[in-house]
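Take a look at these structures.
Two complexes are shown next, each including chain A; its partner changes from chain B in the first to chain C in the second.
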Partner chain A sequence: MIEVTALTKRYGKKTALSGAGLSLGKGIYGLLGPNGAGKTTLLRCLVGVLRPTGGTITIQGETGYLPQKFGVMGSLTAYEALDLFAELKGLPREARREEILDSLARVGLEDAEKRRVKALSGGMVRRLGVAQAILGDPENLILDEPTAGLDPEERLRFKNLFAQFRGRRTVLISTHIVEDVESLCDHIILMNGGRILTVATADELRSAAQGKVYSVPVSERDNLQKPFFLLRDELVEGQERLRVLSDVEQPGQRIPATVEDGYMRYLKGAV
Partner chain B sequence: MKYYGTAWKLFLRYVRFWAITILLFLVTNLLCARMFLLDFWLNDYLKNCDALGFLGLTLFSFLGYEYLLLPETAHCRETITAIPGGTWKLFLAQLAVLVPLAGLWSGNILVWMLMGFPKFSTDLSSGLSLCCAGAVLDLFFPSLIGLLLGSILALRVRRSTAYCLLMIFSLLAGPVLPQIFKDGSLGGFSVYTILDWFSLATPYSSFLADGMYLFPLELCRWVLAGAWLMGLCALGAFWLPKAKATRRLALLFALLAAGLAVRFQLRGGDCVIRRDYRMDGAVMGEVRYRDSQEQPPEQAADFTVKTYDLDLRIKSSLEAEATLTLSQPDLNVYRFTLYHDLALKKVTDGGGTPLEYQREGDYITVNGCGDGMLIFHYSGSVGKYFCNAQAICLPGYVPYYPIPGHISFWDADARCVAVRHDQMTALFRVRVDSPLTVYSNLPQTDDGLFTGETGALTLYAGIVGTELKGENRIYYPILDPVRVENLAGLEPVWAALAARVGETRPLETAGKPVFVLPFTIQNYVSPQENAVVLEDQILLFQVEPDRICRSYLLSLLPAQAQKEPVNSLYLALEGYLSNPEGLLGPYSDENPPKKEDFEILLTYDPSSADENEFFAWSQASDNFRYALAYQAEKLGEQKVLPKVYAYLQETEYSQDPVEFLFTLGERSDD
Partner chain C sequence: MGRRLRMLWRVLKRTPGCLYTPPAVILLAIPAFTAMTAMTENLSEAYSVLIRCSQTFLPLCGLLWPGGYLLAWVEGDGREALWACSKGHKSLIGEMALLYGGYCLLMALGTAAALPFFPGVLLELPRAALECCFGMGTLYLLCVLFRNVLLGTIPVAMYFLFCGAFSGDPELASWCLLAPNQPPEAANWPVLTLCALLGLLASIAAALLQRKKN
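Showing the complex of A and B:
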């Protein structure tokens, strides 16, 4: 369980986190927000890498952490690298080997046990990072963009892995990829400008934009009523159309909202 | 330490770490082997080995930085920081790899040092403890400080910045800057104000170590190393991820560092770091001080001291209480001489009542004495003469206790120490509180207690040995090359020298203790100080009969022989006698010396800023001994030298020295 109250982090005059409050129980939480929203700062404060300027953090149980940029000494083998983290985490020597092999197997690196880290691919190193995070079966898992740079197959593997923790552990995943959050997370935490905008389920996010998303033919571009927010140009049944988010009636047709639409709705406010 | 294995694994898996280590050991052993084979004297050999501390300081700082930077370069610092205590655990484990390496490296050099003792046929026990202490202070501590600095920088500082800082640190701690700024001055600013704080390895100076003192291991140097270690520990604890306990630890280290830094700043006279070329140091500072002082006139004492009761506590410096019983208790003023760096705290009568006194440099004038007894309380160091817990070398002619009268200790013309040969004898009772075994010209009557009559009390301790040669007991620095056996040849050499100049007085050495002074106090030494033969002792730098006899001969000449302009002939005689070949320099029958070339010796004004005049005087002064040699060659040494010697003994000079030398031929048949 993770409890955060009025968390603030300032770097000089710049405020990276502004009075963030959260209460996370067991489940998988997706932390969603644009670049510079304060996601990484929040996670770093949670795991103790950064010292908050204000507020309180209460974490029950141990925490496994995968930073955004994970690496390990290239001259060690995958096993030795995990052994180093296991030692630092204070895992008992007698249980350590079994624990390490189990972690390697869970991330699909059982064959890489004796391979040097520098010989592993980027995706494998990322998986090794997850393996070190889950070492010791911590109560909480905090993962900063665990699927960034991974191919679809590896992303799927990760999603399956994290799905195993649903209901048993508190898992907080920061990501840019809305699709990952939608399919994996029980709750979505939206952040922007160092603030937490909302904590909602995927359905709640969709509902927030329901009836406000329009598919507009490109030819109607000049007839769009302000205010509106152009989500993107997209091809629908071979025709180029505009996906528009707006509180006012627009030409074209209303379409069902997605999680991403809801996310944008929160991000942009009333449009 | 359970993380130790992994830290070692990390160290060994990276070629650059063990390659630097192997290189360090290889270079060190090659240098030691070279010194072992080539150095001529044990003292030089030990000093050179000890100076390798700078190498350790530099290489371990870079090694520490690179090794501790590993989590950063491998991009796992954040992961480790997120593990509670992870950074601390890994940091300490990595240090636990490097610290024994620094210890091993220091031990390696220590073994080389100790191997020097049998090579130079010297008893190992004489220097074992000092070598071990030197290895800790000058080799291990600098390495430790270097690697701590590098390791701590690795926590926060980028490589380019860290390398710059480490290079600046090495430069400040190294031997280069003291050699560039020899006198320690840079546009009026004393660079040693900064450099002293970095003198972690052996301080650079040819004046520092001799066979009596070996390495400078004064308390202040341990304090400096402690201040650096504590300061770096504080910085480390402050920079590592914080918990309440580490904040307290950082504060504790910082307080300790600050305390030690203050103690170092207040090091005062316990510091041999100052024995280098700096203008305000223990060596050059003496000349500078004397040059800047108007020498007050000498005044003989109109009283005598019947007894001296000296309580001397010699630890980091001299702390003294001197009780003097005077022959005339009814005088209004009593004049004394006491070395100027010894701070006089108070003067009291026998009942403890403070008395008024005036002090001007070495001279003290006390108003009255009441009950015929004066007690002087003073402390400090005695210039270039050793006086601390590591060595004591206080020759009797140095006024480190109150001497009756205003007697000059400094020859302003020759810019060197003036040796007194006419001391008043008194009964001494001297208690010396020192961790060392102290020797004296007085007999030892109890542990640390010397009692007897003398005119000059000499105290001597350090890495010294003693040997009985014939009727003389010789005290000498064991690690210096001292040829004790040469003392046997003294009498025939004196007989020959005395005959050359017509001196009839004997050189009496029988039964006198001989103190061989360490060579580092030979700076600004006067010809007489080379070998001082007193009533009850002999003090000399080398057991060389020629030099001893020459110095003794010159000491028989009156003080005015050393004053300008007669001084030029005095120096010419000294130069001629010390040059047995009688070289004629630029002169020959075709090119004889001309009297007018030496007129400048009579007219030169030392206060003149004219450089050309100075060089002309200097040239004339050098050539004057060749002129003497020419005269001796032409007229016969047996005629010239006795006349020159007799001239120098005159109390009032009938001729100037140039006139005298050039009219010797006309007077040769007198």
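Showing the complex of A and C:
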């Protein structure tokens, strides 16, 4: 379990975290927010890599952490790299080999045990990072942008891997890819400007934008009523249309909202 | 303590250049060069060469072990994961102290080998230990400040070389706190001790900076 109360982190005059509060039980939580929202700062404070300026953090049990940038000495083999982390985590020597092999198997790297890290692909190094995070079977897992830079096949592999953890641990996954949290997470934590905006389910986020999303023909662009927020240009049945978020009626048809629409609704406020 | 020693060994053996250069220089290169001088010239000249080599290379080599270890913890891509796993371990001052002690032991071995031939070389050991204390402490602080081992190493190494090259220059001599001296008895012990203390303070400052961040 993870409890955070009024967490603050300042770098001189800049405030990266401002009174963030969370209470996380067992389950998979997605931490969603734009670049610079404070997601990585929050995670670093949780695992002790950064010292917060104020507030309290209570974590029950051990925590495994995958940082945004993970690397390890290229001359080590995958096994030796995990052995290094096992040493740091204080895993008993007798059980270490079994733990390491089990972690490698769970991330699909059992065949890469004797391969040097520098010979592994980016996705495999990322999986090695997850393997070191799950070493010792920690009660909590904190993963910072685990799927960033990975191809669709690797991202799917990661999602299947994380789904194994459901119900057994507290897993907190930071990402700015809405698709990843939508399919995987029980709860979604929205963050912006160093603050927690809300903690909601995917359905609740969709509901927040329901009735406020319009599909507008491109020809009606000049007739859009302010205030509105242009989500994106999209091709619908071969026709270019504007996807618009607005509280006022727009010259187009209302369409079902997605989690991403709900996310933007919270980010932009009333539009 | 055991875990720290095991970590030191595991990390350093992955940087063989940093790990093996100091013993190669202290136990092989310097003795070989001294022996060659003794055979081609005379013992007095060989003694002079031994002192010059010790005063030049011992402090420089003393930067390699801490530099190699700091590489993983200060600037490597894996440093964040390493710190996260090291619950409770907030600075590297313990490791720096172990590396300093180990390096002093290595220097003592080299000195012991030369002692039967050149009794005066015994004074080089405390001199080198004081210089290395300055060098390692300053290196540690600069690496933490710059988050880059190369940027931390260059100023310290350059200062050692500067002292060796310009201590004879009347305009620059006053800047050369670690000026070489022949014979070893002529060492400026108060200044060397002060430099060692500065190195110690630099280590403490580096540790405090790391604890503040972590």
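As a working rule, the second predicted complex is superposed on the first by the 271 of 271 C-alpha atoms of A that agree within 3 Å, B and C clash if a C-alpha of one lies under 4 Å from a C-alpha of the other, contacts with A are read in each partner's own complex, and residues count from 1 in each chain.
As a convention for this text, a contact is a pair of C-beta atoms (placed from the backbone, for glycine too) under 8 Å apart; a residue touches a chain by one contact, two chains touch by 3 or more.
All figures in this text were calculated on a predicted structure; none of them were measured in a lab.
Undergrad: Using the superposition on chain A, tell me whether chain B and chain C clash or fit.
TA: clash
Undergrad: Taking the superposition on A as described, I'd like to know which of chain B and chain C A:48 touches: first, second, both or neither.
TA: A:48: touches chain B and chain C.
Undergrad: Is A:122 touching the first partner chain B, the second partner chain C, both, or neither of them?
TA: Touch partners of A:122: none, neither chain B nor chain C.
Undergrad: Tell me which partner A:61 touches in the superposition: chain B (first), chain C (second), both or neither.
TA: Once the two structures are laid over each other on A, A:61 reaches no partner at all.
Undergrad: Do chain B and chain C touch any of the same residues on chain A, and if so, which?
TA: 44, 47-49, 51, 63, 65-67, 69-73, 75-76, 84-85, 87-89, 129, 132
Undergrad: Given the complex with chain A, which residues does chain B contribute to the contact?
TA: On the chain B side, the touching residues are 2-3, 6, 9-10, 13-14, 70-71, 74-76, 78-86, 89-90, 241-242.
Undergrad: In their shared complex, at which residues does chain A touch chain C?
TA: Of all residues in chain A, those touching chain C are 44, 47-51, 63, 65-73, 75-76, 84-85, 87-90, 129, 132-133.
Undergrad: Which residues of chain C touch chain A in the complex?
TA: It is residues 3, 6-7, 10-11, 14, 72, 76-78, 80-87, 212-214 of chain C that touch chain A.
Undergrad: Of all residues in chain A, which touch chain B in the complex?
TA: 44, 47-49, 51, 63, 65-67, 69-76, 80, 83-85, 87-89, 93, 129, 132
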